[in-house]
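So, here come the structures, one by one.
The two complexes that follow have chain A in common; it is paired with chain B in the first and with chain C in the second.
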Partner chain A sequence: MSKRVLMKGNEVIGQAAIEAGCKLFFGYPITPSTEIIEYLSKYLPKAGGTVLQAEDEIGAINMCYGAACTGTRVMTASSSPGMSLKQEGISYCAAAELPVVLVNVNRTGPGLGGLGPAQSDYFQSTKGGGHGDYRLIVLAPSKSQELYDMTLEAFDLAEKYRNPVLLLTDGFLGQMMEPVELKEKPASPEVDKSWIVDGAKGRKKRIIASYSLTNEIGEANNLRWEAKYKDIKEKEQRWEEFYAEDADYLIVSYGTTGRISKSVVLNARKKGIKLGLIRPISLWPFPEKAFIPYKDKVKGIVTVELNTGQMIEDVKLAVECKVPVHLYRRQGGMLPTEDEILANVEKVFNLASEEV
Partner chain B sequence: MEKVFGRPKGLTEVPFSFCPGCTHGIIMRLIGEVLEELDIIEDTIGVSPVGCAGFSQDFFTCDFVGGPHGRAQAIGTGIKRALPDKIVFTYQGDGDIAGIGTQHAIHTAARGERITSIMVNNAIYGMTGGQMAPTTLAGMKTSTSPHGRDLVINGHPIDLPKTIATLDGAVYVASVSADSPKNIIQAKKAIKKAFQVQQAGLGFSFVSVLSTCPTNWGLSPQDSLQWLRDNMMPVYKLGELKVTEEVKNL
Partner chain C sequence: MMDKIVLAGFGGQGVMFMGKIFAVSGMVSDLEVCWIPSYGPEMRGGTANCFVLLSDEEIHSPVIDKADGGIVLNQPSYDKFLDRIKTGGVLVVNTSIVELNETRDDITIIKVQAIEAANELGNPTIANMVCLGALLPHLKLTDYNKVEKAIQEVVGAKRPELLEINLAAIKKGIEITN
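Up next is the complex of A and B:
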């Protein structure tokens, strides 16, 4: 039965994990993600699961690795510096093809940074992050309902593709209180569990590991992973369009700034500026398909980001540099206002004179 | 004719790939025998590290998981928490467990994680070609301590079982050696006890085994065994370092 509640964003993630059948959570506290481990510490045991506060993030991700090897639904959550520590383990999870769900409540950086919202981990999240050539499926919610829905879906996606899935949010979404409908999770599709380790009873032993004894085996592995990533790229691109169809100009923005940009579009329309929005929902695979109808049509694009300009590189590739792409960014935990974004769009495209 | 000596069922047919005189193979054989004798091969999941010890994943007939250097105990924790009724053990080199993975060694023991860890102490980094390990003895020459381990520069060797024995969650801790028939029998007893402790769900069990690395020590297999006795045994004292009352009553 679904019910409507008012909850903090981070708690919504915790509740969705329970609903998704997550049985183990391994984590280490770090603001602004801590409410996730706190919420689960309180409620996961009631749902028959366990929360273990690990010695550090390295411990936590490797515990996830072990649990995922048994086919158990498992999750870890952290925030930027903690995600840096997890990277080696995430690379091993990708190589061993383990369905682990990861949450990064992005705070500012580099270094210790601050607690404010940021999108500075876009590169780390979408280009691999750790060593080796691998990809995570990266989902970017922009409101509490999406935190819930995407957490639910993350577990299914991770199992479907046997790949780690990362939910990339930020301190603003994590701390925000918003009404959410706690929907019941539809039954998960049956997945193949013929690879898990649970004791070699009546079958041959299994090994889950990623060492390639020869370069030939190494290349064969890389090709196999590459084929999987191609498949995901084909099937899992997600985005939202908002007033894009007839737009002369587009904002491209995800997460918190994607949400703010919706109001910017409405304000622009009131002024007679044909502005639209493409909000990437899957950051990897990046929704290149969203740009196909627009790359020969729109006059310009502005990406709005909370970093020095990271997603802009993927946008430029998606439009094959056929459209001028500009960046408007705030950093260090600062959020842009609607007015300041619109003023920037007007400035870079000389729109002030076009006003009616 | 009755076969009196063969491969234990706990080991696969894959031939050991260790250097001549390396005692890794002896230790793995002991574990293989214990898995068979306790009839737990089908209930056991082993975790291998990175290092020469990492080849263990191919040599045992039970399921195995291999992860990053130093993280076997964290992985073992994840497996055991998911499958509390299964037997989980880690097989790790001294560099793996007492160097890069020290935090897990301490916390796995402190939590009383119901798993068994076997540490193979050869006082050196074997696989990477003989660099200094946390267990390298004072004055011992390695490729990264070419003039001998200088305690002022590199600090003192770590006697990990001694440290682990101080933690409440560790209920059975033993330090044994694979150098002689007598010590190998002791080693097997300790390994067996460690697995029985886990079967009984009493807490964390830990066995450290002194082992040779003739290749990186630059000694013959025979001289390696004597070197181990002369140099390692005085520093890493053998014996059962911790046996709680519950374990005694097993």
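Up next is the complex of A and C:
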């Protein structure tokens, strides 16, 4: 049975993790992600799990590594500077192919930055934030219900592909309260767990490690991971289209600005401007497929981002530079209003005269 | 249809609580709701503010540029949010401690001696609820009955002894505005 409740976004993530069967959470508190560890500290033990506040973020991610080796569902959460500290461990998790669920409640940067919402960690999240050539599956929710649903799904995806999955949200979504339906999680698909280390008595021992001094073996590993990433890229691209089908112009935006952009589209349509939206939901794999029907058709694209223009690079690649792609951005914790985004769209495409 | 509400005051004046009551009043009547707190340096002293959206359809942009209605409980909040009310909107001002040094004639400003009114009811901490009552008749999607349900849900469970006085304060606010 599901019920509609009013909860903070960060708490929604915590509740969804419990529903997903997460049994271990290791973390170190940091605004604006703290309510996740706070909520789980209160409720995860009641669901038979354990929350441990590690000595720091580096400790937390390596505890996740160890826990995931045993096949236990495990999660960590942090915010931008804390995520930077975790990157080495995330790279190790990717190499050891461990199903760890990560949450980054993006705050502003660089450096210690500020507490406001930002999308400044797009590159770090989608291009492999640590060393080595790996990818995380990155999901970008834009409202509380998606925080819940995508957290549930993150655990299944992580196990299915034996790969860390990152939920990339921001301080605004984390702190806001919205109604959310706490649905029961459907049963997870059966996955192969013949790799976990849970005591070798009576069987051959298993080793989970990422170290290899033989270049031939090293290349074989890289090829295996590459094939996995290709498979994910083929199967897991997600996006939402909003008034895109007949659009002359498109906004591309995810997360908080993705939902603001829906209001922009509705306002534009009232003015007779055929504006649509593509909202990437998986940031890696980037939804290149979404652009196939539009790259020879639309007159222009504006990406709306909370950074200096990061996702815009993936959009340009996706449309093979056949369409002019512009950027509208705010930074430092500021959010754009629907009116200022529309004014910018009208300006870059000279649409003011087309008003009806 | 949508109500965009801004609420502000000192930390401790019950700003977030007012927001929560508005938000829950939307929940009990199956509206779409967003409750957005300030969570940055404001939480660490100074002015706290909170935005609430109530809507009878899906809320896409939760960002409030200009609000339909607002409540300001202290001077810095009045100075900061006077310009954030849209033309034709309503601003409830706690004139017990706020001086209207600047004003606007394109919005309705409702002056409420909230602390005096709360003291008359016997509890100075419910000044915020008097102001909430004063804004209530000016909102489209919520009303006294919905707020009463919300108060029962939020206050009734934890502090039932405070239920009546909260409701009395809201009624007083409604009287003042009418």
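Just so it is clear, the second predicted complex is superposed on the first by the 356 of 356 C-alpha atoms of A that agree within 3 Å, B and C clash if a C-alpha of one lies under 4 Å from a C-alpha of the other, contacts with A are read in each partner's own complex, and residues count from 1 in each chain.
Everything below uses one rule, namely that a contact is a pair of C-beta atoms (placed from the backbone, for glycine too) under 8 Å apart; a residue touches a chain by one contact, two chains touch by 3 or more.
Predicted model, so just to flag it, every value in this text is computed and none were measured.
By the touch criterion stated above, A:Val197 is placed in contact with chain B alone, chain C being left untouched. In the overlay built on the shared chain, the residue A:Lys3 is in contact with neither chain B nor chain C.
The wider contact with chain A, measured as residues touched, comes from B rather than the other of chain B and chain C.
Of the two partner chains placed around the shared chain by superposition, neither chain B nor chain C is touched by A:Lys46.
Shared-chain residue A:Lys205: touches chain B; no touch with chain C.
Applying the stated contact rule after C-alpha superposition, one finds that A:Lys270 touches neither chain B nor chain C. The contact surfaces that chain B and chain C form on chain A in the two complexes do not overlap at any residue.
Here chain A touches chain B in the complex through residues 23-24, 26, 50, 52, 54-56, 58-60, 62-70, 72, 74, 88-89, 92, 96, 197-202, 205-211, going by the rule given at the top. Considering their complex, residues 4, 6, 31-32, 114-116, 171-172, 175-179, 259-260, 262-264, 266, 333, 335-339 of chain A touch chain C. Note for the complex: chain C touches chain A at residues 23-24, 27, 32-37, 39-41, 59-63, 65. Within the complex formed with chain A, the chain B residues making contact are 12, 41-45, 47-48, 50, 54, 57-58, 60-68, 71, 74-83, 86, 103-104, 106-107.
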